[in-house]
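For clarity, chains are labelled A, B, C, D and E in written order, and residue numbers in each chain start from 1.
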Amino acid sequence: QEVVKIGYSGPLSGGAAQYGKNTLDGMKFAVDELNAENFQVGGKKVTFEVVALDDKYNPSETAINFQRLVQESKTPVVMCPHSGGGFAIQTSNDRLNALLLSYTSVPKITATGNKNTMRIPPDFSAYVKPFVAYTMKRYGKNLAIAGADHEYAKEWTAMVKPAWEAAGGKIVADNPMSYNRSTDFYSGVSKALAAKPDVLFIGGASEPTGLVAKQARDLGFKGGFIVMDQAKLNEMKPVVGSYQALEGAVGVLPVMEDNSAPVKAWVARWMKKYPEREPGSEATLNYTAMRVAALAMQLAGTTSDASAIRAKLGEAIQKLPAAQNLASYDGIDANGGTRGDIRVAVVEGGKIKEVKLSDLGK
Amino acid sequence: MLEIRSLTKRFGGNVAVNAVSTTIERGKVNAIIGPNGAGKTTFFNLISGVHPASEGSIVFEGQDITRLRTDQVARLGVARTFQATTLFDAATVLDNLIVGHRLRTRSGLWDVLLGTKRLKEEERTCREKARQALDFVGLAHIENRLAGDISQEERKRTAFALALATEPKLLLLDEPAGGVNPEETVGLADLIRKMVAHGLTVCLIEHKMDMIMSLADRILVLSYGEKIAEGTPAEVRANPAVIDAYLGSEHAAA
Amino acid sequence: MDVVLQQFLNALTLGGIYSLVALGLTLVYGILQVPNFAHGAFYMVGAFIAIKLMGGWGANYWVAMVGAAIVVAVVAAISERLVFHPLRKASGLHPMIAAIGLLLFLESGAQALWGAEFQRMATPYSGILEFGGLALPAQRLLIIVAAFTLMLALHLFLTRTVTGSTIIAMAQNREGAALVGIDPDRVAIMTFAISGMLAAVAATLYAPINLVYPAMGNLVITKAFVIIILGGMGSVPGAILGGLIIGFAESFGAFYISTDYKDIIAFALLVVILSLRPQGLFVQGAR
Amino acid sequence: MLQLEGVSLSYGSFRALDGIRLHAKAGELVVLLGANGAGKSSIFLTASGLHKPAAGSIRLEGQEIAGARPAQIVARGLVQCPEGRKLFPQMSVQKNLMLGSYVHRRDGTGNRQRLDEVLELFPILAQKKNDPAGSLSGGQQQMVAIGRALMGRPRVLMLDEPSLGLAPLVVKQVFDVLKKINAAGTTVLLAEQNAHAALKIAHRAYVIERGRIVLEGSPETLMNNDAVRKAYIGA
Amino acid sequence: MLKWIEGRSGWALLAALGALFPLFAGNDYRLTVMSTAYIFAIATLGLNLITGYTGQFNMAHAGFMAIGAYTLGILTVDYHVPFWIAFVAAGAVTAAIGLPLGWLSLRLKGHYFSIFTMCVGVILFLVLEKWESLTHGAVGLMGIPGPSPIGPLKFETPAQMYYLMFAFLVLGAWVMKRITHSLLGRTFIAIRNGDDLAEALGIPLMRTKLLAFIVSVLYAGWAGALYAAFVRFVGPDVAGAQNTFDMTMYMLVGGLGTVFGPLLGSIAVPWLTQMMQFLQEYRFVIFGPLLIALVIFFPHGIAGSWMAWRARRAAAAVRPVAPATLPATEAPGA
C-alpha cells in the first residue's frame, strides 16, 4: 500500500484563519472518504494524507511551504486558497512537476500559461448578467456599488458595472469599502444610500456582507441586493437577523439550502462528522477538486507525475459520479480553469428559493 | 570675542532672560552668577543655539550667530558643558571623546564606502585629539571605562575633555564644580586655569563663591533675568544689590 | 440635513469607542512608556468573554459587560506582572516586542479556545428610534452615552482622587513616586487593569453592531495609536479629543470624500497635524 | 531611632557599601561626609528600600525595615529628599508637594496646613505653585524636592545633598530650615559636600570612604582633624 | 590585535559556511528558506542601522521594502525595463521617497517617531493597494521576471538564486560593517546615546539622522527588489506591519546595534518557525511566550549577550571589582 501526501498551504492563523480552515476541511473530508473506499491507482491501494502548512496569507511563506511540501513530503498536488500564494507557486511548480490546485476566482491565475494549474472555483462571469436582469426587473434601474475592495471583489465589480449599464441601468454610487479592515460600515452604506439606489451590489466575506446588508436595512433601504458569490446567504442570515431582511437578494445557492440529492446526502455526511459546523462552498468546492484530482491520478495511473495527472483532469470531471461532483463541474479549459453550472438562489417572500440561472430575470 | 546685545528670552509669559547686554573677553575667565532661576542656564542655551532668542543679538568674533543651530555654533568654536553633566553613558570614555572631534572632520558616506585615505587620516586624528584631551584633563588612565561608571569628578573632567576635543575657542561651563567636593573643586579650578593658559576663553556659571572669586577675571550677575551687576570679583562682592539678591552677608567683601 | 446629523451621530459613536480604547493605551504608555501593541487583543478578549457570558451562561448584557471588564482587567494585570514588570527597566524596543509576543499569544489563544469564525453578540437594544425621519439605532445611542460617561468618570478619577494622581505621578517619575510612599508595582498593575477594563467595555459596547473574531483588535489598535500620538502620548484629554477627531474624520471623510480612501484620510490627517505640531495637540503636562 | 548594622550593598559585582554601621538618635542631626562616589546616596537609597542590601539590618525605631517596600518605609516615617530631586516634572508645584503627603492622604486638613508651612519656607514656590515643576530652575526644583519630603511629615528625614546647585543665600536658608525642623523634633540625616555649613548645624558626623565608615565624631573633632579639613572643608 | 584577527576569522568562517551551505542543504526547500532569510537579513541590517545604531525605530521599514519590490515589479512587468536597470532604479526610488518621508518623520523623537512611521507604513500600504493604475491594486503584480544573467552567471535554479542572495548579503554586511565601524558609525551611535550632547558637539542632527535613514531604506528597497525577483509576485501585504515586526524581532533576537546580530536573528527565527510548523494554528500560542521569555531573559539578543559576557570578562580582567554594566547596546526609543 502506498501513501500519497497532498499538500496544503494557506492561512491557518491570523485574520483569514477561518477561511483557510474551511478550505482545508473540504479537502480533508474528501481524503477521509477516499481512504475509506479502498481507492486504487494502477492496481495498488493508495492512502492519502494531507500535509497542511500555515502561510498566514503571505506569498513568500507560500513559496517556502510549497518547496517544503514538494521536496520534503513529495506531494504531487498542492492546494493554495489565495491568488498571491498561487502566483508564488507558479514560479516553480512546472519545473518541480507539481500540480497546483488554486482556490481563487482571480482569472489571471489560469492566464499565465502555467501548465500545471487547476482553478477550483468555476468561472463566475456567467451569472453576472442574470443577476443584473433579475434585480433590475424587480426593483429598478439605479444600482449602488457597495462591495468589498479586495482583489476578487474588484474583479466582480469590474464585471457588474458594464453589465448593469448594458442592461440600461444607471450606477448611482460607486462606493467600495474595505470589508476586512473597516471597523464600521455606517458612513459607507449611508453614502451609497444617499444616491437613492434601487439595488445594492454587496459582497465580501459572508459576515461583514451581512453587516452591510443590515446597516442598509437599518438606514431604511427597501431595495434588492446583488450578492457576490464569496458571501453566502445562509451565513449572512444570522448577522442580518432573518431572511425577511434579505428580501430581494440574489446570490449563489448556499450549500445548506441546496435540495439536490447529492448535496443533501453529502451535507448529512458532513454534519455527522462536524455536528457544529454548517459547510459552505469552500468545503464543497475543495472537496470536489480533491475528488477530481484523485480520480485523475487513477486515470493517469500515477500518483507522482503532475503533468500526466493534469492531462486527465478533464476526463476525471466527466467521469466523476454525480454524488461527488458537488461543484457541478462540467469541464476544464486549456489553461486549467474549471467550468460549471452554478446554482443560484433568490430570497423571495422571506425564503431562499433556488432558481435556474436561465430562468433568472425572466 | 562675544558681543551680546539686549538679549531676551521669553517662555510663554515668563521672561527668563531680559535685555541683557555684555561682552565676553578673549583669554579671560568670565563668570556668571545669580540666584536660582536667574536665567543663567538659559543664557548659555541662547548662546549655544539650543533656544532661539526672542530678541537681541549675539555676535561671535564678528559673526552674527543669533539664529544659528547648535551644531553650527559648535563648529564656529563655542563648546559647552551641561549643568547635569551629560555624557554618552553607554560608551567608554575614549569613545565619548573620539566623537568630540567629529565636527572638525569631513568624511561622509562616500569615504566610508570607498575607504578613502581621508577617512583613515581623520579617524587617526580623532583618536589622537581624544587622547590629547584626556591627557590634558588628566584622565588618560580611565579611557576604557564606561562613562556611566565613573565618579562625579571624573565625569566633570570628561565633560571638559569632550568640550576640548571640539577644538573650541570659547568654552561655556555650566556649574563645572557642582556636586564635587572641595578638594577636587580646587583641582577643577586649576584645570580651568590651565585651559585659559592654553589660550581658551572660558565662561562659567557657578555657585561656589570661593572658586569664583579666586578664578574669575570678570563676573556678570543675573537676577530675575536681568543684569544687576558686572565687574571684577572685588567690585561685585561689594555691590549691595548683589549682596541682597544673591550673596548674603557671609560672602560679601569684608 | 438629516444625513449630516446621521454622520455626526456615527462620528460620536466611532469617536467614543476609539477614545475608550485609546485611553487605556495612553494610560499604560504614560506609566511604562510602553506602546502596548497587545491592547487590541485585550479589546478582543473582552468581546469574546462578553459573548460567552451571554451565550453560555445566559447573562444579561450589562452583567456580561461587567464580567468582561473584570476578566480582562485580571488578564491585563497578569500581563503586567509576567511580561512588562520584568521589563520595566529595559527601555525602548524590548517591551514593544514583548507586547507583540503577548498579542500573538492572546490572538492565537483566542482562536484555539473559541475558533476563528465570526461571531455575533445579541443586544437587548436592537430597536431603531425615529426622530423626525432620522433613524437612530438604539445601540449607537447607548454607545455614545456610555462611552462619554465613562470618560468623564475616568477624568474625575485621575484629576480629583489621590489614587488617580498616583497614576500620573508614577508616569512622570517612578522613583520619585516610590519615595513619597506610592507603591509603583501596585499602581502599574492598577493602570493595566483599568486599561484592560476600558478596552473590554469598549468592545462590549461595540460588539452588538459589529463582528467578534480573534483578529478584531487589529483594526482598532492602529487607530488608537494614531489617536494617542495625535493627542500627545500619555495625555488623557489628548486621547479623548484625538478619538473624536478620528471619528469625525472617518465618518465625514467616508461620506463626503470616499469610503475607499477613508483610512488614508485618518492617517493623512495625522501626518499633517504632526508636521505642524510635532508634540501632538496636547503637550504633555497640559493636565 | 534609625540604626544600620553591617549593611552591605552591591551593584552587580561592584561592592558599593561594605558593612556600614551607623545610627541616629531621636532628635539628632547627623551629617554624612564623603567624596563623590563614597556611597552616601547608596546608604540613603538602601535605607529607603530602593535598593535591597546584600547583608545587614536596618532598624527604624527598633523595627527591622531592611527588605521592606519603599512605600511601607515612607509610611513608617522615614522620608528622603533624593539626589537628583526626582520630581514629577509635568505636574504643578502644588501637586508635587501634595503628593509628598501621600501616606497621610486621609488627613486633608493636616496636609493643607503643612502645605502652607512649606510655602512659607520657600516663598518663591508659592508664586510658582501652578507651574509645572519641570519648568523651574534647578535651584527652585531643589526647593520643591525638600518641600515634598517635608510634606511627608517625616520622623526621620534624609536629605541627599540638598544644597546642590543652590545659591549661597538659599543654601543658608535651607540650612536654617533644617535646623528649625530638627529643633522641632525631626531626626535628620544629611549627606553634604558643603561640609562647612553642614557641620555647623550637626550634632554628630560620619565620614565615608569607598563604602566604609572611616570616622565618626562630633563636629568639633572632625573640624579639627587635618585630613578631614583638607579633603572636605577646603582651605 | 587579537580581537581584530578573531573578528576577521569569525566572518571568514561564516562566509565559508554560507558558501558551502548548498552542498549539505540536501534539497531546494532548505535553499528556499535560506534565500528568503537572506533577503530579510539584508532588510534587517538596514533597519538595524537606523534603529540599533542611530536609535530611531522606523516602523515603516516594510513599506520601504515594498517600494523597492514594486519599483522592480512595475518597471520589469509593465515597462519591460531590463532587470538590473530596474534593480538599480528600485534603490533610487526608495531613497527618493525616503528622503521627504525621513525628513518629515525625523523631526519627531522617540516613540513619536516610531508610531508616526508606523502610520507612514500604513499610508504606504494603502497607497499601494489603492493606486490601481500604477500598482495593480489589491490583486498585486504577477509575472515578475527573475534576475537576468550577468555574463556567464545565470540565476535560474534555486542554488543559483541562493548564491545571488548570499552575494548580496555578504556585500550588504560588509558595507554595514564598514559604516558602523567608521567615524560615521560613531556619529550615528553618538546620536543614539544622546542627541542633545551630540548636537552640542557640532553634529548636525537632522542631516546625520537623515543619512542613516536613507542608507537604511536603501537596504530595505534593494531587499524588496530581491524579494520581488525571488517570489515573482508582490502584493500590498509586503508593506504590512507584520513584516516590520518580524524584522524587529530578528534584530532583537540576534542583538541590537551589532552587525552580526541581525544576521543571526534573520536566519535563526525563520528556521525556528519552520520547525514549529507542525503546531499549525497553535504555533503562536507557543511562539508568543517564547518571544517574551527571550526578551526578558536575553535582552541583548544572542550576539549581544555573548558580547556582554566577553566585555564583562575583559572588564574583570582590568579591574578586579568592576561594576556590572550593560554592554554598549543601549536600547533606543525612550
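Following the convention adopted for this analysis, a residue touches a chain if its C-beta (ideal position, glycine included) is under 8 Å from a C-beta of that chain, and two chains touch if they have at least 3 such contacts.
These numbers come from a predicted model, not from an experiment.
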Fill in: chain E and chain A - chains in contact with each
C
Worksheet item: Of all chains present, which has the mean Cα position farthest from that of chain E?
Response: D
Worksheet item: When the contacting C-beta pairs are counted for C-E and for C-D, which pair yields the higher total?
Response: C-E
Worksheet item: Comparing centres built from CA atoms, which chain ends up most distant from chain B?
Response: A
Worksheet item: So how far apart, in whole Å, are chain B and chain E when each is placed at the average of its C-alpha atoms?
Response: 40
Item to complete: Would you mind pulling out the distance in Å between where the CA atoms of chain D average out and where those of chain E do?
Response: 49
Worksheet item: Which residues belonging to chain C are in contact with no fewer than two other chains?
Response: 107-108, 111, 116, 260, 263
Response to the item:
Touching two or more other chains in chain A are residues 13, 17, 21, 149
Worksheet item: Can you list the chain A residues touching chain C in their complex?
Response: 13-15, 17-18, 21, 149, 175-178, 181-184, 186-188, 190-191, 194, 205-208, 211, 218-220, 238-239
Worksheet entry | In the complex, chain E residues that touch chain A | 27-29, 31-33, 36, 129, 132, 137-140, 142-143, 146, 158, 227, 230-235, 237, 242, 274, 277, 280-281, 283-284
Response to the item:
Contacts from chain D onto chain C in the complex sit at residues 48-50, 69-71, 74-75, 79-80, 82, 85-91, 95, 98-103, 105, 132, 134, 148-149, 151-152
Worksheet item: Across the complex, what residues on chain E touch chain B?
Response: 175, 178-179, 182-187, 189-190, 193-194, 196-205, 211, 215, 318, 322-323, 325-326, 328-330
Worksheet item: Within the complex, which stretch of chain C touches chain D?
Response: 162, 165-166, 168-169, 172-173, 175-183, 284-285, 287
